[in-house]
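For clarity, chains are labelled A, B, C and D in written order, and residue numbers in each chain start from 1.
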């Protein structure tokens, strides 16, 4: 899974979609509704963003994953997306989890910043017990005392989840580490730890991205990453489709 | 502020209301909608709980504070409560914060388990910028490596907030520390650090409480606490109304 | 217990000793050997510092507490000090703890930055099992994700220790919070939580202190603190000697 | 680097040395002096352990790395070991770091449980500034709120160190994760993140190990690990010597 943090314009989303498809990505990510710490920051293109994302994905034969922020958005987002992703800050929004249990599309549930693995699995249980059995977990870093990186990626959560649950687990090194030149080694590390997939932020012009530019990869970096990751996956007896 | 964790029955809520009023509490707390880590735990009495809470508070001349879990509950809860409280897990539920910005009642915003003071104030800003200027902050412990207590109460956040913001800050030592015999020293500590109020869980029969029994005070403990807290407040030049 | 972070000069240590004695302090603190994160920072006056500390304390009828950094310093420091204090970074230096078990003076053991209460008590056990039964514990803040304060003071550790151990526990709000105007509310909070004593940094000229100036109290602040703390101690049924 | 947590007997250390050599290990690890949280736990075979380690390593053409706990042990350990390793709890024992600055053998400095990357590099600076330029860093997990694993391995520290420092960095997944079946994926992850080496605990009979049995690999697991790690190293353009 690859794509920009936020959908910003037609040009941007088509350019990124084409380049990640060429490197072998299968799913296009992009945010149309953006949860932001401050109420005064850019909040996303909303439905227009969803339309652009869908159009670009269809053109390049990709699937769409995008964030849903609350129950009122589920119907709208399901019209455009193949997978609904739930942000870390909503991991214990129980009303929302119940709503997702009634959704018809697969849900990717990000781990909360201070959530234990136990609590994360319990939140997945809210969705599963509502009748939606397509839940994917996504490790995206936890909050610790270390400030040299944006978050501390808990790579160890991957083998723990593999043992405790049948749910697939992917990793989001872009948010996990938050610094562009460290996204690649972290993505490799997660694949080596047997993650079932990787989601990274790729931008056609990271230096002018409206959100998260500093952690978005250039297209060539993504191509290089895909090459390395294929070999690592094979080394541990897995295959990238 | 004092009262049970969950509203469980008419008998329970009236007994607790009477006893906390006699010790000098001004506001009755109690949960009718309970956010629970597991989908299989007791989820609250819902509207019936709100009615009981209102009736008990009115009889004993108390105000009501109770938890709201999402936008769809705001109208209902406003009919019964004087203050809406927002749980720690919803502190960065931005759609909800925007909804609360349009609410007519004061909002008490609990600090998220892994939220920095900065992020907490930013979340308050979402409510304030929506037009609701009656926001109260509530410190309730953060998540750290220490497991001897339920959470680590960040008493230091109280003087930090006092300096950075004009908003009142209260403390919730019941959740902050999570062990009954430590709630009293922690409540005293928060008042000594100049908190503007204290919210504690009191139950008429803690050993049979449906939720959080192990951290709820007996009525006599609450009476003793109120006595000590009055003297401490005076020692630092404040008065308990 | 009060005094400067580091002993810097005769004038400084006598001025501080006189002022804290007048406000009611019983023990003079001051560092002659300074453990510093960087090898290029000020490392202390060493034996000359110990002599100044002893002289000032004797003149004003105070006891001396000062830091020992390793076994080779124990004999020297015992000549001048009444209590040996062990820094947080040495809390699990087991060779040293064994050496302290053979020392003849009381030992104050600071909690490590990431030490659980359990591990802290185990470290005290190393000293006790060596034959030295005079151990005082000192809570001085733990490391968490919050960066608004230097450390997060775990006030809750005070009642936990009170229940689990017979050892006295004091608090060091100067290091715990690390910001001058927040030291006073935190000192009050720790007394309200039933700490057996408080250690604070006081300096005659904090703005020119060689170490920790930003968290040292002015003399008048210390006098005010002592007044408030006396009332709080009485409110909870204790007395300051 | 591979070997048992503690040296326990001649039979044990020779068996492990032979097996790890066959799988391609270059350095034999083993503790003769064991720092233990409790004073009542097994403390190591001391000099006898060093002799056994040296003999086994020499027979199988391996180098020896073993822990030194304080200045008084440096001379003794240098007689037997090729690399001195410094435990996490001694990372800010400054007197000791200065002593290591005068040692003649390379030093491997483990990261403290709550040490920032910045502080870790500063501690290395103590050794370097003393004249010993052979310092190796070792990431071994930090302390966080997550209790599903022994520590949280900060794999992200590897690329951060690579960028900030010229010092080699290795990883210790055995302590980092603390559960046998998760050591292998974590070792692979660290190599994929470009660590310069890996240190793992291998035991000929983990179920009867005196220390850390639950995280020690069986010999066949170590062989499998070495095979996978070779392919990953090549995928990222590196070679295992």
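Keep this in mind: contacts are C-beta pairs under 8 Å (C-beta built on N, C-alpha and C of every residue); 3 or more make two chains touch, one makes a residue touch a chain.
The structure presented is a predicted model; accordingly, all values stated were derived computationally and were not measured.
Asker: Quick one: which chains contact subunit A and subunit B both?
Answerer: For subunit A paired with subunit B, the chains in contact with each are C, D, in label order.
Asker: Quick check on subunit B against subunit C: do more than half of the interface residue numbers occur in both copies, making it same, or fewer, making it different?
Answerer: Mostly the same residues form this interface, as more than half of the numbers used are common to both chains.
Asker: More C-beta contacts across A-D or across A-C?
Answerer: A-D is joined by more C-beta pairs in contact.
Asker: Indicate the whole-number Å distance between the mean C-alpha point of subunit A and the mean C-alpha point of subunit D.
Answerer: 35
Asker: Report the inter-chain centroid distance for subunit A and subunit C in whole angstrom, where each centroid is the mean of the CA atoms.
Answerer: 48
Asker: Going by the contact rule already set, what residues in subunit D reach two or more other chains?
Answerer: Touching at least two other chains: 114, 142-145, 147.
Asker: Could you please specify the touching residues of subunit C with respect to subunit D in the complex?
Answerer: Those in contact with subunit D are residues 35-40, 69-72, 89-90, 92-98, 112-114, 119, 122-123, 125-126, 129, 142-143.
Asker: Under the touch definition given earlier, write down the residues of subunit A that touch subunit D in their complex.
Answerer: The touching residues are 114, 116-118, 142, 144-149, 152-160, 163, 176-177, 181-182, 185-186, 188-194, 228, 231-232, 234-236.
Asker: Touching residues of subunit D toward subunit B in the complex: what are they?
Answerer: 143-145, 147
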